[in-house]
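Two complexes are shown next, each including subunit A; its partner changes from subunit B in the first to subunit C in the second.
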Partner chain A sequence: MVGAACAYYAARSGLSVTVLDRGPVAGGTTGAGEGNLLVSDKEPGPELDLALLSTRLWQALSGALSPRIEYETKGGLVVASDETGMAALRDFADRQERAGVTTEEVTGDRLRDLEPHLAPDLAGGFHYPQDAQVQPALAAAHLLRAADEQGSGRVRLRLGEEVTGVLTGAHGEVRGVRTVGGELHAPYVVNAAGVWGGEVARLAGVDLPVLPRRGFVLVTEPLPRVVRRKVYAADYVADVASGSAALQTSAVVEGTPAGPVLIGASRERVGFDRTLSVEVLRRLAAQATRLFPVLARIRAMRTYAGFRPYLPDHLPAIGLDPRVPGLLHACGHEGAGIGLAPGTGLIVARILSGEELPLDIEPFRPERFDGV
Partner chain B sequence: MARDRTPAELAGAAPEAAFEITFDGRALPALPGQSVAAALWSAGIVAWRTTRRGGRARGAFCGIGQCYDCLVVINDRPNRRACLVPARPGDTITTQEGDGHAGLAV
Partner chain C sequence: MPDSPSDEVTDDAYEAPYDLAVIGAGCAGLAGAVTASELGLSVALLDASGQIGGQFYRRPAPALGAKRPEALHHDWSAFADLRGRLEASEVVHLAGHHVWAVTRGSEGGAGWAVHAVTGPDGGGDRPVRVRARTVLLATGAYERHLPFPGWTLPGVVGAGGAQAMMKSGLVLPGSRVVVAGSGPLLLAVASSLATAGAHVPAVVEASGYLGYARRPGVLAANPQKLVEALVHGAALLRYGVRLRTRSAVTEVHGSDRVEAVTVSRVDRDWRPVRGAGRRIACDALAVGHGLVPQTELATGLGCATRRTPDGAYALVLDGLQETSVPGLWAAGETGGIGGAQLARAEGDIAGIAVAARVYGQPALTRDGRVRKLQRRRDRMRAFADVMAAAHAPGPGWVRWPDDTTEVCRCEEVTAGAIREAVTDYGAHDARTVKLLTRAGMGWCQGRVCGAAVACLAAGPGDGSVPPSAERRPLAVPVPLGVLGALEPDDAGADSTGRPDATGPDPGAEQTS
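After this line comes the complex of A and B, so read on.
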């Protein structure tokens, strides 16, 4: 998704772009995501600023792209089970408000006006009307299609073509890439390889410590609209921000236009191990049914796993790499890549065309882990 | 003539006595071990579900539990595969409309 957004905004800036992907469109982390466009789970800081920018850009994209991307401004609802949790949410929301997020406190007795199937014993929650959702695979595909149409041949899409090397000139500057199909010359190379971004960086001779953080999603049988918003438990925010490698699960429940309800979210760092974990699924199901008791009567049809591109400080790497002139990075967005893609793509396009940046990208500089 | 022969005859089956199930309130006979789909077919019923979007009629297609076309409501539980679930005495079979969970919509 991030690569598609980079191509889209670069083409709109008048640049010629070749998109190389060793797999199909949305064949990696994008296709394994839930398509969350969230501001609610982000602390004030650079990631939230990028999310707010991206939220505005997604809104504009939704008008420009096919309605088939399933863009829904459904809003998010974070719920707390007790007063301690509620106090923590209130403090978090207060700080977010000051950073430009719209929040609305919902008392326990009003929760079920918003979500009629929620468990009756919850203390309360916060509503985030800016949270939205897309179908990520369709969104990536339509973004690439729109990029190509607008650029009238400026965007070439080469799928199933793996990058095997980065070509450099006499002064170490990027001259293009080598792929399984031959050499491709370009003055700039954007590393948008997601969870494999560390490998592409290594091909260019630089270190970028992207690690996979595995997550499972449970998919229920098709239902009518049972869950209106993206609903999650307050401990999700703490899990997202945690650096632990150990398994963490917190219920994140949302409906989809296609019918199934998606249940996440688990986090664990176990490398690229795709082995199905019954323990993770059991915990996800238990936590989801605690929030929505009605789900206990509903069958889970399938499950899928994906790998979030994790960087140790939970911020993406965006921008020029001073270690290799001409190399840019746009990866490491962890679980927020779909949401943060447009802002990232716009930044990359502005760097390439020498235009003014929409926000300060200093916190995202790719070389920040050197010597750490 | 060959077309008069039934699978039960061909297999030399000697099932025990039939029992009753209902389909949308109508009483039907079913044999021990017979799937719900087979019992419905035997009564000349070939459609017992409507599709989620177009409301089109559906019944058994693959007959071996793979295609999920034969979903039906059995004893108030939707999304059961009629081709796999054995009929039991007194079962209440109901046409499934769409996803079968309309009552949960908010």
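After this line comes the complex of A and C, so read on.
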């Protein structure tokens, strides 16, 4: 998704772009995600600024791309089970408001006006109307196609072609890449390899500590709209911000236009291990049915694992790498890559074309982990 | 045999692990279960159905009061023998148990937990977990379907489905039934249909039978297969059934249900030969293109697979039926389609091999009985490979469906939508097609359309590209209430907990 967005905005700036992927379109984390475009789960700071920028860009993209990308401004609803949780939510929302997020407090007795099937005993919650969703694989495929149409042949897509080396010149500057199909020359190389971004960085001789953080999603049988928004419990925010390798789960429940309800989100650092974890599924199911008791009778049809590209400070790496002239990074967005993709793509395009940046990218410096 | 899915039995199962859990009570599973039990092992036999026998020995529910259920069956005495031994054994038969996952047990990876839901459709509200030292996977196969215009009309049934209707419901799919597709099942189905009173205007086989003649040695070593073919052939002759080889049903006609089919001549690659269509009136079509091993429980645990000569994936097994994952055995169709006799031999071998492992006595597997079983198995496997190669779908079938033909029936995805995903949106494999079109995301989880989608995803002119090995982390749907009510003590035990150093895996799963 991030690579597709980089190609899209770069082509719009008049650059010619070749997109290389060792797999198919949306073959990595994009194809395993739920397509969250969230501001609600983000602390005020650089990531939230990037999310707010991306929210505006997604809105524009939804007008430019086919409705088949299933863009929905469904809104998010964060709920608390008791008054302590509600107080914490209130404080969090207050700080987000000051950073430009729209929030609406919902009292316990009003929750079911928004979500009729929610458990009756919740203390209250906050509604975030800016939260949205897309179907990520379709969004990536349509974005790539739109990039190509706009650039009239400026964007070339080479799938199933793995990058095996980064070519450099006499002064260490990037000259292109070597792939299984030969050499490809370009003055700039953008590393948008997501969870494998550390490997591509290593090909260029630099360190970028991207690690996989596994998540499972449970998918139910198709239902009429039982869950209208993206609904999750307040402890989700703490889990997202945690750096622990141990398992954390907090149910994020949402309906989809196609019918199935998606239930995330678990986080654990276990490498690239896809083995089914019954304990994760148990926790997700228990937490989801705690929020929506009506789901207890509903069957999970399938489940799948994906790997979020995790950097130790939970911020992506975006921008020029001063260690290798001509190398840019656009990876490490953890679980927010779909949401943050347009902002990231726009920043990359602006860097490449020498235009003014939409926000301060100092916090995303790719070399910030050196010597840490 | 304590034949009961009662609470008492299953709750007991939470405590003491069985020596062996067998999943599937068809030919392979029954043979494995009774053989292991007769060698003294404690055995649990889980099966989704209420009755033993699997697909091959499917028979009417007792309530139908059938007097001679064996009338439609071959080799009934072999089944009667297995059933008698099961009744005399200590095997705990857990009927109506739909297994949704097998995971590693908690004691440092030793042993297994078999997770199941209960009830006729898996809607039971209580999770069942059976612990076992070893597991034998005998989950059989399902039918391969290839789409063509009209294949979704009422009156079109799977060839195996037609057989099942006759065996379990004593029901005919129609009164004038064309049988089409490829594989030995067609002759068996046609002969059953004719015997049961249906008129069969034609058996339409897309391959020729010359494929068998290329390996005369294998044929000579399997005379019983020739006898079977002769029995079916004689029945077809008796009822005047016409066999058309190198032909395929390429269209079904009818408004509300089947009224006729078009039969076209096809070339060696199953490409229709122009202008050679022939219309045959009928009120039902039984169509089958062979069987596909059901392996998702095994692939979920990382068992290695091999590509079979007909482009499906089967489990890689050693000489004693063990998978590439120690402690996990498989028998029957999961290791490659080969029929009931092969399944029994493999079940016997697996039962003995498991006992040898549990007792720590490898010598058990070195006696004459095992060697004899292995020779029989190898001979029948060789025949199965010849059969699979002879009936492998030709790449030209991808020309049968037009753009409006539905390929994924659950999600109503047409061949045109799949072709568009391939030509315009960069999908070159079944997974990406699924992500972009939803083909394979519905109730059957791609069991019906998976093979077809994979071939269409490979693009025009190359319908031979195989599907990837199946991955369905939930083998059957599980109610969320049941999942949430599992015992938390599974914590962490299921994850293999490998460190971050494990290599990258570019093949992620699917989204909504």
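Quick note on the criterion: the second predicted complex is superposed on the first by the 372 of 372 C-alpha atoms of A that agree within 3 Å, B and C clash if a C-alpha of one lies under 4 Å from a C-alpha of the other, contacts with A are read in each partner's own complex, and residues count from 1 in each chain.
Basically, a residue touches a chain if its C-beta (ideal position, glycine included) is under 8 Å from a C-beta of that chain, and two chains touch if they have at least 3 such contacts.
As the structure is a prediction and not an experimental result, all values here were calculated from the model.
In the superposition on chain A, A:R12 makes contact with neither subunit B nor subunit C. In the superposed pair of complexes, A:L223 makes contact with subunit B only, with no contact to subunit C. The larger set of touched subunit A residues comes from C, when the choice is between subunit B and subunit C.
When the two complexes are overlaid on their common chain A, residue A:L262 makes contact with subunit C while staying clear of subunit B.
In the superposed model, A:R178 makes contact with neither subunit B nor subunit C. When the shared chain is aligned, subunit B and subunit C each come close enough to touch A:R299. Legend: residue contacts after superposition of the two complexes on their common chain; A:L211 is shown touching subunit C, with no touch to subunit B. In the superposed pair of complexes, A:R95 makes contact with neither subunit B nor subunit C.
When the shared chain is aligned, subunit B comes close enough to touch A:P116, but subunit C does not.
When the two complexes are overlaid on their common chain A, residue A:G35 makes contact with subunit C while staying clear of subunit B. Applying the stated touch rule to the two superposed structures, the overlap between the subunit B and subunit C interfaces on subunit A comprises residues 221-222, 298-299. Those residues of subunit A whose C-beta lies close enough to touch subunit B in the complex are 115-117, 221-226, 228, 259, 294, 298-299. By the touch criterion stated above, subunit B contacts subunit A in their complex at residues 52, 79, 98-99, 101-102, 104-106. Remark: subunit A residues 22-29, 31-35, 135-138, 141-142, 144-145, 157, 159-160, 195-196, 199, 211-212, 217-222, 247, 256, 258, 260, 262-263, 268-282, 284-289, 295-307 touch subunit C in the complex.
Against subunit A, in their complex, subunit C makes its touches with residues 101, 103, 113, 115, 122-123, 300-302, 411, 421, 424-429, 431-432, 435-436, 438, 441-443, 445, 472-474, 477-481, 483-486, 488, 490-512.
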